[in-house]
Structure formats: C-alpha cells, structure tokens
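The following blocks contain the structures, represented as structure tokens.
Next, two complexes with subunit A in common: one pairs it with subunit B, the other with subunit C.
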Partner chain A sequence: MGHHKEFIDKPMLDAAVTGRAFKLAAVIGGVGLAATAAGLAMGEKEQFFFSWLVAFMVFTTISVGALFYTIIHHVARATYSAGLRRTAENVAANLPIMAVLFIPVILGMHTLYHWTHAEAVAEDPILQWKSGYLNDTFFLIRAAAYFAVWTALIWFFRRTSVAQDASGDVALTFKMRKYAPIGVLAVALSITFAGFDWAMSLDPHWFSTMFGVWTFAGSLVGFYAVQALMVLWLSKPGRYENTLTVGVRHDAGKLLFAFTIFWAYISFSQYYLIWYANIPEETAFFQHRLQGGWENVGRLVIIGHFLLPFWVLMSRHMKRNRTVLALGAGWMIVMHFVDLYYVIMPNFHTHGPHYHWMDLTALLGIGGLWLAFIIRRYQKAAGVAYRDPQLIASMEYDNA
Partner chain B sequence: MATVSRDDTIFPPPLVAGDPTFGSITDTICRIVEKPPTIPWLVAFGAASTVLTMLLCAIAYLFWEGTGIWGLNNPVGWGWAIVNFVFWVGIGHAGTLISAVLFLFRQKWRTAINRFAEAMTIFAVICALVFPGIHVGRIWAAYWMLPLPNQMGMWPNFRSPLLWDVFAVSTYFTVSLLFWYVGLIPDLATLRDRAKGKLAFWAYGFFSLGWRGANRHWQNYERAYLILAGLATPLVLSVHTIVSFDFAVSVIPGWHTTIFPPYFVAGAIFSGFAMVLTLAVPSRKLFGLQDFITVRHIENMNKIILVTGTMVGYAYAMEFFIAWYSASPYEAFAFVNRAFGPYAWAYWIMVSCNVITPQLFWFKKIRTNIVLTFILSIFVNIGMWFERFVITMSLHRDFLPSSWDYFSPTLFDWAMLIGSFGLFFTLFILFLKFLPAVAIAEVKGVLPQANPHWEGYHKHAEGGAHHG
Partner chain C sequence: MADRRRNWGLLAEFQNPARLLEAAQAVRERGYTKFETWSPFPIHGMDDAMGLKGSRLGWIVLAGGLTGLTTGLTLQWWAGTMAYPLVIGGKPLFAWEFALPVTFELSVLLSAFGAVFGMFALNRMPKPFHPLDRVKRFKKVTDDAFFLSIEAGDPKFDLEESRKLLESLGGTGIVVVEE
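Right after this comes the complex of A and B.
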C-alpha cells in the first residue's frame, strides 16, 4: 500500500445543504404537479394521460437503471464504484414512489391503450390473438409484479448497505454479493416486459424483439446522466471532495459515454433491420414517426442523443471538467425524455407533434417530487457507503 | 474483524500463484519454446496436420467438382459453409474481447490468458475466412468479392451485408493480428536474448524490431497498445453485428428479428470464452502453467460463460415470445417448427448446451472444478455450432410447402467441418511451440513486486498484498 488514503470527509451532508436542495426540489415538484392537475381539471384528459405517461416512464426507467447499477456493482465485485453505490441506492429507492405515481396510468388505461377497448378487440383478429397477454387484469398483475420485484430488491440492498454504515461488517458485503446475480436476472426480465407493456403496447400491432433491450439501454443512459450530476453535486468542497475524487467523476463520465454508444447501437439496429426488411407491419411504427413534423424530433434524437454526446464525451479532458460533464449529463437527461417522447407521443398526436405545456409540467412535477425523495435519503443516511471495505481502494484509482 | 479464509477476503487472491520471481516467470514460459518438441506435442501436431490434409483434399475436390458435392438442395441453398463460417467467426471474438475490452475495463486477470486467446482468435478467423472463400463455387472468380475496378464495370452489391462481411472480417483480422503482434514484441525480444541457435536468434531478432526495453520503447508500446485496444473494441462488436445482418436484413421468418445484433455478439463472446477454456485447461496442465492460469482465471471465465449464456437464453426467449406476440402465422410457424419440426433434435441440443448446462456454473463448486469446466466448455462449443445450424435450417420449410425439403450433410460437408478443426489446431499447436504462450512482460506487471511502492522487498516470502 503506497499512498495511504483514508476516509476523511464527514459521513453526513450538512443539513443546510440538503435542506436547501430539498426545498427547491419540493417546490418545483409541487408547482409542476399542481399545474398538471389544473390541466386535467381544465378537461384536457387525453393530453394529461399521455404527458403523465412520458414523465412517469422517464423517472421509472432512470430508477430501474439505478437499481441495475446497485446490483451489478456486487455481481462484478467492482471496487471502483464503492463511492458511487449509495447514490444508485438512493435513486433506486424511489421505485416504490413510482408505483404510487403509476396510479394515473391505471386510471388512464382506457385512454392510453387501444387494446383495452372490448369493441376494438372484437373487430380485430390480431388483438384477439394477443388478448391472452394484452388484457386489463393481466396488465395490472404484471405491473404489480414489476413493482413488487423492484421494491423488494432495493429494500434489501439499501437496507443492508445502510446497516454496514453502522457496523462496518464485511459479512454484509458478502450477503449482498450472494443475492446480486439473481437480482440482475429479475431486473433484466422485469424491465423488458415493463417496456413491452407500458410503451410497446401503445401501438398494439407493432412488435420488436429488441424493444426490451432498448428500454434497458435508455434506462441506463438516463441513470448514468443523473449519477454524473449527483457526483458533481456531492463532490463539492465540504461534502465528499476527498472520497469522490476526479477519478470517480471521470468514471461516471465514462459510463455515460459508453452507454450512450450502447443505446445508439441498440436503437440503430432496431431501426435499421426494420427499414431494410421493409415489412409493412413493422415499418408502420417508423412511418408514423417520420412524417408530419415527427421526423424533426427523430433527427433531434439522432443528433442529440448520440452524435453530439459522442464527440463531446469522448475526450478525457471533457469528462474530467466539471462544467462540461454537468452540461453533458444534464443534456442527456433531456435527451432521455425526448427519446421516450418520440416513442410514446406519436401514438396520441398521430399527425405530427403538438407540444403541450403539460408535457413540461408533468416532467417537472414528477421530477421534482422524485428528486425531493432522493434528497430526503441524504438527510437520513450517509451519502457514501463510508464503511464499505472497498471504499479506500476505490479512492486510489486516479484514472490517470 | 474475525479471521476469514482466503476465498472470503474482500479482494481476490493474487493473480500469479506460487510466489514467482521475475526470472522464474521468464524461465517457465520460455522453456516451453526452447526445449525440443515433446512426444505429446509431436503426436498432437501429427494428428492435427493429418486432419488438415483431409480439409485440403476436400477443398481440392470441391474446386474440381463444384458445390454439388455438398448436401445443399433447393430451399436450403445455404448449408454448412455459412454455419461453419459463423461458428468460427464467433470463436474469433474472445481473443480480442479479452485483450481489448478487458484491458479497457482494467481487468488485470486477463494477462495470463490474453496471449493465446488472441492467437486463437487469429486462427479461428483464418478458419472462418476459408468458408466464404471456397463456397463461391467458381473459385477463380473469388476476387469478385472485393470491389476492384475492372473493365467489365462489375461491382459487388454494396447494399448487401455479405459484402460488408468481407470488409468487416478482413479489417478485424488485420487489427487483431497487429494487436497480437504489438503485444508480442517485448516477449520476442526476450526469446531473442535467450536464443542459443543462429536461426532462432535471427528470426526472433527480426520480429522483435530491435526492442531493447528502453523507457522510450515502453512508452510508445503502451500508447500503441491502448490505441489498438480502443480500435479493436468497436471492431469486435461490428463483426458479429454484420454477421447477424446477413440473416436479419432478410424477410425470412426466424432470420428477420431486431434482437439479432446484440444476441449474436453475446453468442460470439460465449462461444469464444468456451473455446479459450477448451484450449487453456489441457495446455496449462501440459506445459505447467497452473501458476499463471489459476483456478481464479478459470472461475472468472466460467462466470462470463454463465452471463453470456444467459443472455443468449434471453434472446431465445424473446424470439419465441415475440413470434407469438406478433400474431404473424409465419413467425409462429418458424419457431414451432424449430422446436417441434424435423430439426427438433438440433434445436434441443442447442438449448441444452447453450442455456441449460451453463446454468451449472451458478455453483462455485462446479465453476472451480477443472474437469467439469473442460466438459462444459465443449458442450458450449457444440451448442453454438448447433445454434448457427438451427438458424440456417430455417430455410428448409419456406413459404411454399411443395418445395419443403430436409438437408442432410454429405461426406464432404463432414470432411470440411472436421478438417477446419485440423487447420485450427495445427496453427494453435505450432503457436504453442514457437511463441510464448503467456504474455511474459504483462504477467510480471501484475506481480506485487512490480508495484514501486511494494513493501515486501524485505519479507518477500509472505507474498505480499497486491492491492495498493
């Protein structure tokens, strides 16, 4: 052991810091939710449900991405991410909250999902064929199962992790490692079918074997963007500046960069194979999204979700620069929203984009609330797993 | 903290077992090359080159007679040539994955296995390249695959993934070869410095490019290695992606499905790691490399096999689910026919070997059992060959029931499949004899005493903690 490092930051964030952040997030969330509720009261029911679904999907996928990262850390027995994992745990712990925020989707099922209409199914042989899977009861059972799996997993991993703050017991790390592989399987399958249910079935005739992987890829891009912003916030002077080193920030940037490419690979493969084979039942999906103005949103996704971040985040210098990383990560959260908007919203505004203020208020409302709950967790427990036996080793990677 | 056994410590055990010194590592690895060929080596080389001769004879007859000697028929116009091509290209992924991707991920355990995994990659790609080369039938026109300007104004179809394969695989081969060669240079210089004979001195000296181990040499070397790793990583992914496009851009049920690119890449890594284990397990015993390729290395590789095998299983499940969900009768038929039609035997061999048996690696006892690892790695090799066979045989029942047929391989199909293993093993056995099978310089770099802050100079016998 050459340079002996040790944990010298304060385990807890200052109450003033978290208090300010909490207040800001809660106000944004409150105002956003109130405005969205007003929109619903004004009678724009259909727009409300679609705007809500997009915002719900943005933050649910990010939370599931965080859950995946929490667990994969233990599967891979990673060292570098010891200082990052509490952030992932805190974000993923919002999944039970997302279950509550799913209630409007249930209430709006009839508006959102064409296959819930008995009369539509009656005259459509394809929907009849699928009705063993696409029916109200099974849809709700599946949603309950996804949230149950996610809640159980994050409850176990976060509780065990916080318990280690008190005891510093190495056995807890082994305990988490023991259950991690099965957790990864459960997350992979649940996010796949959640993607099929909540987004793909909006267009119930359309299908793609890649859609589950696509949902997963977007989830991780969204989460890595959030993680990069959180690390920047947590590594400011007086917080965890000695623990979350420039090397850790660099790693957060690398993950964002790598999964931006992974997302592009998956999205391109899906588009390209459908375009090349040119079978009508598959191309219809992209046909809708390439006309009436939607094609401009598609161009924005290609440029904003891949080309721009690819060139900006490739450089080591950019990833280690606080301002560039913050801009890049913030931009990618917006792009994650645009990506989901591009998949979900054309099912409602079929003839071209029709931007509505509720798209924004629902996003800010759910997002503010979501962030406020995350900040709460920093008020209750340490912001890094400071007695993780691998933490000191993680601080020694300088990524030079 | 209570005392814990070595397996339970939070950090993994040292990468090199047996407390070696820098000198003992050089001696162990160079001795394999320097001592005269052993009887087992001669027997293995004789057997492999005999099988290779069979391949050459079969190819000669193919050129003389044409592709009619294969079992191709009307709906199945693409037979074992494409199956064998995809099989070998898939195996050719592990080397660069271990070398480049694990290098970028700073997985230091790769150092013991990267050298011969890379060699294996290059030989597997050579085997793969044989099949598109010979399957054109009119071999004298094989150069038409390349976009060469000509007075007939004839060009290959640039819209066809088969042409992109030509570019992707040849680029991949070139970069893999360069990557392997750059990594070899310091070790070739070591062999040069130890050479007793004139020929060995001259040959190793020529290929080590005047390496003297100077500081500047190392700096350039490290930089070149990093750049090649960065270049090789997208290439690994692109090759099997494009191979998957060969099938997936078509409108054939069972071939056209959007998950094919990542599914093929996962399958390639899966089969490549299995082949590395198939080769590593006997080699480490035969050449006394147990201290370098430890049980920990084998366990790590088994974990990657478990992960990628499960990904492949996920892809099979998605194909089946969406075949039902799509409500397309052709899609549904293609998959039901796979599982319960005339080729059901092949389908269930594939599922058993690729999805079911790798699940045994959930158990640490099995992951760390050398004999079982070897057996299961062969299962994966078989399963992955059958995966490509099952996919290709989607052709046997096409849209027109009157043309349905059953593909049966001929003697020449068999001769070429088995013969390709002869080519592969001949090259691999030659490699073991003439080049250092383990990256000498890199293994030294992961020893605890390579760390400039190592505290163990005075108490070397304890082995030292290697982290820090």
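Right after this comes the complex of A and C.
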C-alpha cells in the first residue's frame, strides 16, 4: 500500500507511566477495601455481603468478557483485533484473583443464599425439588470448576501470547487457534452457570432460561467499556500511538455500541416473555423490582444502559472522538454496575432501594485492586502483542 | 465508425489492489476530481486515497428507521385502541411491552430498505449502459482486474498529459473510451 506501516512504538510502556497508574489504583483499592472491612467490623454483615457480591460480580463478569474476547479473536482468526489482544489478555488474567475475592461470598453464603438453610428447604417443596443442584457442596464444586476453567484458559492463552513476544514464532498463533474453539465452549457454559449460581439463585424460586445469556451480554458490555478506556490510555503519545490507531479506537467503540444493543435485546426479551406469559412464579422477580422505588432504578437501566448510549455511540464521528468515547465507556461501566445492582440488591432491600456507602467502597476496593493487577502486567510484558503476525495488517485498517 | 462519438475519458488497468491504491492517491494529488477506481472487491483505504467524503447513506437509513418506529407504534396503538378495541389474553388495549417487537422489526425493515434502495439511488443504479461497457477487457473487473478511469469532463483532463500520468503510475492497456 501507499506507505507500509511497521511497528515503531516501544514494546514496553514507560516505567514512570505504569508506576504512577499502579500507585493510584493500589491506593484506591486499599482505601476501598479498608473502608469496606471497617463496615463489616461495625457489624453490618448482611449489607457487607450484598455490597461485596455486587462488586465481585461487576469485575468477575468484565474479566470473563475479556477471556471470551481473547479466545474469540483466535476462533475468528481475526486480524483487526491483533492490537487489542493483549489488553483482553491482561484483563482476563485477573480471573485467578477473582477466585480469591470469591472467599467472602463463600463465607457469606448463608447470608446471601436462602436455599442454603436446611430448615427453609425442609418446608419448601420447590427448594427440595431443586436441592440436587442448589446445595452447598455442589455450589462450591461448581464455583471451583468455573475458576479452574477460567484460570487454565487464560494461563494458556496469555503465556503463549507473551512467549510469542520473545520468539516471534508463528506456530504459537496456530497453537492458540487450535485450542480456541473448545475454550469458547467452556467460557459459554461456565459464565451461564455462574450467572445462575451467583445471581439468579439469590431468588431460588425464580428462574429464567435467558439469565445465562443476559449475564454474558452484560459481561461483554462491561469488558468493551473497559477496553475502550484502556485503548484511549494506551494510545496516548509516547505509548502505542502508532499501533493503536484511530481505526482501532473506532473498533473498540463499535464493539461497545454493538453489545450495548445486544444486551438491550436480551434484557428486553427476558422481560417481555415473562410479561406476556404472566405466570406468577416468573413475574414475582419483576414485581419486586417495579415497586418501592426500585422502578426508578429500572428506568435508569433502560435509559442509561441502552437509550442514551445508543444515540451517543451510534455515529462514527462520536466513536472516533477521544472525549466522547471516554465519557461513553466510563458511563457504561457505571451502568454495568447499576444493572447488576438492580438484579442483586432487591433480594436484600426487598421493599425499595437503600443505598449504602459500602456499595461504593466495595466497588472501589475490588476495582482498584483489580486495576492494579492489570497495570502490573503492563510493567512485566509488552502492552501489545508486537510480534503477532497479524499486527501490521491490523494497523492498516483505518475503518474508512 | 461512421458517427463521431465524443470522448468519455481514459481507462487504465493496474496490476493489483496496492498499485491501484497508489495510483488513486497520485491522481487525486494531481488535482483530478472526476476519476473512479474499479475493482472486484472493496479495497481498504481506498476512500482516503481517492479523497471520498463520508457517505450520506447513514442519514437515509436513519430516516427509514424512524419512519418504521413511528409507523409500528402508531399502527398498533390505532388498531388496538381505536379500530378494534378488543381485550385479548387479559392484556391492555395498548402497552409498550407487546408493541415493541413489531416496532423493532418495522424499524429494522425500513432501515434495511433505506440502506439498499438508498445505496441504489446514490449510485444512480440501475444503469443499463455505461461507456466503459464498450471496453472488452473491462469485463474482467468483476473477476480479477483493477482499473482506474479519468473522465474527459475533469477540468484537469488532457488526453496526452493524463495518459502519460497513468503510464507513469504503472497503468497498462490504456484506452480512450468513447461516450
């Protein structure tokens, strides 16, 4: 083509840049976790566990979304995403850390999940019927299995990808492509059942077969929002400005836009079928969430998670504008939190929303820690897969 | 050839998409405005190389989508509450919940119509005849050939100068196309 591009950015980010970002994230995380621990010490046990579960779900789903994106790149043999690949790998590599942050959920199982109470199950035929699946042991085995699968997958994909930085061996690309299809299957099944276990079973009588794909849709919206912000950060002058072109930023924006619509389609379909069938055992879920003030949170989700970003992110011009994309992506991370809050919290504050400061500190605590671990990976390895055989071609796409 | 036809322009063939892209860029840089590239598939970066502005198609699609949205909603509201106010399955005469699928589908349908028919209109299609159809080799453009044409109507057009430019860019089989 006119002028062949080549990789001219430095493979590693400046230590000063990552050092500053790491400190900031670690401080936010440390303060958030300390404040949340103080809240627990003050005896607000129930509030603590629910606030923690929401924050845990926000960052676990985003990490699983990143894992899915890492793998789907290889399934599709995509070229455009070669420059984005390392970002997804670095985010997904937090999944083993999410396993550690799952410990409070285990400790709070009996506070969070009604079906863990033997006496409640004894007098409830529906819970007895479900007890083959919803019981303490199997719940823990499944959680261990999800984290084992996620950890194994990201360990393999990130390690192979980083090894290619050193060797430039094209065979590693083919190796990753070979294991990608089974990986996608494993992620799809694990996130579906994780959604059932950790969020849907909070209301153990209620069920929705769309809940798994709803969890998946939200995971990707959250991840694409994080990815867009990271691409904006990584493409600043002196970082990867020549690799992560305006076309790559545009792609990050397009993915966020597309999956915002996908999420809306799935969320509405779940609501619509329940509304239309009008069967009490299914409608109870939305009944709690449409009264006592929760209906306002629901309106915020419809407007903030779909209508607003739909119009803002639709235009090409907006997606290529750094400020608009940053605002849109930041907003969508907040909305991902609100969406999970709206599904999880009404199980605790059944009569209406009761906002607690621990909702925020748990989110900042886990989020800061989560971000600090991601930045650590930029200190240890190149921030883009700079010897990926597709990388140069990906830089040629400008989405004109 | 008893009748004397007017010159439509020049046509040159290029070896591959990369050469065509370079040629388009050079022709634009020389100040030509009425030129066109022809290839069997879209070429990444060609819009920039040719200096094409963003398409107006998006606005046509938006207009189609909004028409579908309004039509879908008002049709269901009018039919359910005015024309045939029947209670079905205990549902209200009108509710946004059940109205949404039809509204969505109609928005998508009319958006798609806007995209397809808008594209036809903007490309001035269908066009049963084009001067380039006279060039036999040009048939290969739907298979494996890449062409660039400069119209005689271009203010910068000069039969000799333009021919030399195309030659210098690596164009082969340069022919004068008659109207």
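In the analysis below, the second predicted complex is superposed on the first by the 398 of 400 C-alpha atoms of A that agree within 3 Å, B and C clash if a C-alpha of one lies under 4 Å from a C-alpha of the other, contacts with A are read in each partner's own complex, and residues count from 1 in each chain.
By our rule, a contact is a pair of C-beta atoms (placed from the backbone, for glycine too) under 8 Å apart; a residue touches a chain by one contact, two chains touch by 3 or more.
Note that the coordinates shown come from a computational prediction; the quantities given were computed from them, not determined experimentally.
Look at where subunit B and subunit C land on subunit A after superposing the complexes, then choose clash or fit.
Clash.
Looking at the overlay, what does A:Thr192 touch: subunit B (first), subunit C (second), both, or neither?
first
After the superposition on A, what does A:Tyr276 contact: first (subunit B), second (subunit C), both or neither?
Both: A:Tyr276 reaches subunit B and subunit C.
Looking at A:Asp398, would you say it contacts subunit B, subunit C, both, or neither? Reply first, second, both or neither.
After superposing on A, A:Asp398 lies in contact with subunit C but is clear of subunit B.
Tell me which partner A:Thr137 touches in the superposition: subunit B (first), subunit C (second), both or neither.
neither
Quick check on the superposed pair: does A:Thr323 touch subunit B, subunit C, both, or neither? Answer first, second, both or neither.
Touch partners of A:Thr323: none, neither subunit B nor subunit C.
Which chain makes contact with more of the residues of subunit A, subunit B or else subunit C?
Higher number of touched subunit A residues: B.
For subunit A, which residues lie in the overlap of the subunit B contacts and the subunit C contacts?
Of subunit A, residues 1-2, 276, 278, 396 contact subunit B in one complex and subunit C in the other.
Using the touch definition from the top, list the residues of subunit A that touch subunit B in their complex.
Touching subunit B from subunit A are residues 1-3, 77, 79, 125-126, 129-130, 133, 170, 173-174, 181, 185, 188-189, 192, 196, 207-213, 265-266, 269-270, 273-274, 276-279, 281, 389-390, 393, 396.
Can you check the complex and tell me which residues of subunit A touch subunit C?
Contact set of subunit A toward subunit C: 1-2, 268, 271-272, 275-276, 278, 315-316, 396-398, 400.
In the complex, go through subunit C and note every residue touching subunit A.
Contacts found on subunit C: 18, 21-22, 25, 44-49, 54, 58, 90-91, 97-98, 100-101.
Going by the contact rule set out above, which residues of subunit B touch subunit A in the complex?
Against subunit A, the touching part of subunit B is residues 1, 4, 8, 10-12, 237, 241, 245, 248-251, 256-262, 310, 314-315, 318-319, 322, 325-328, 362, 451-453, 455, 465, 467-468.
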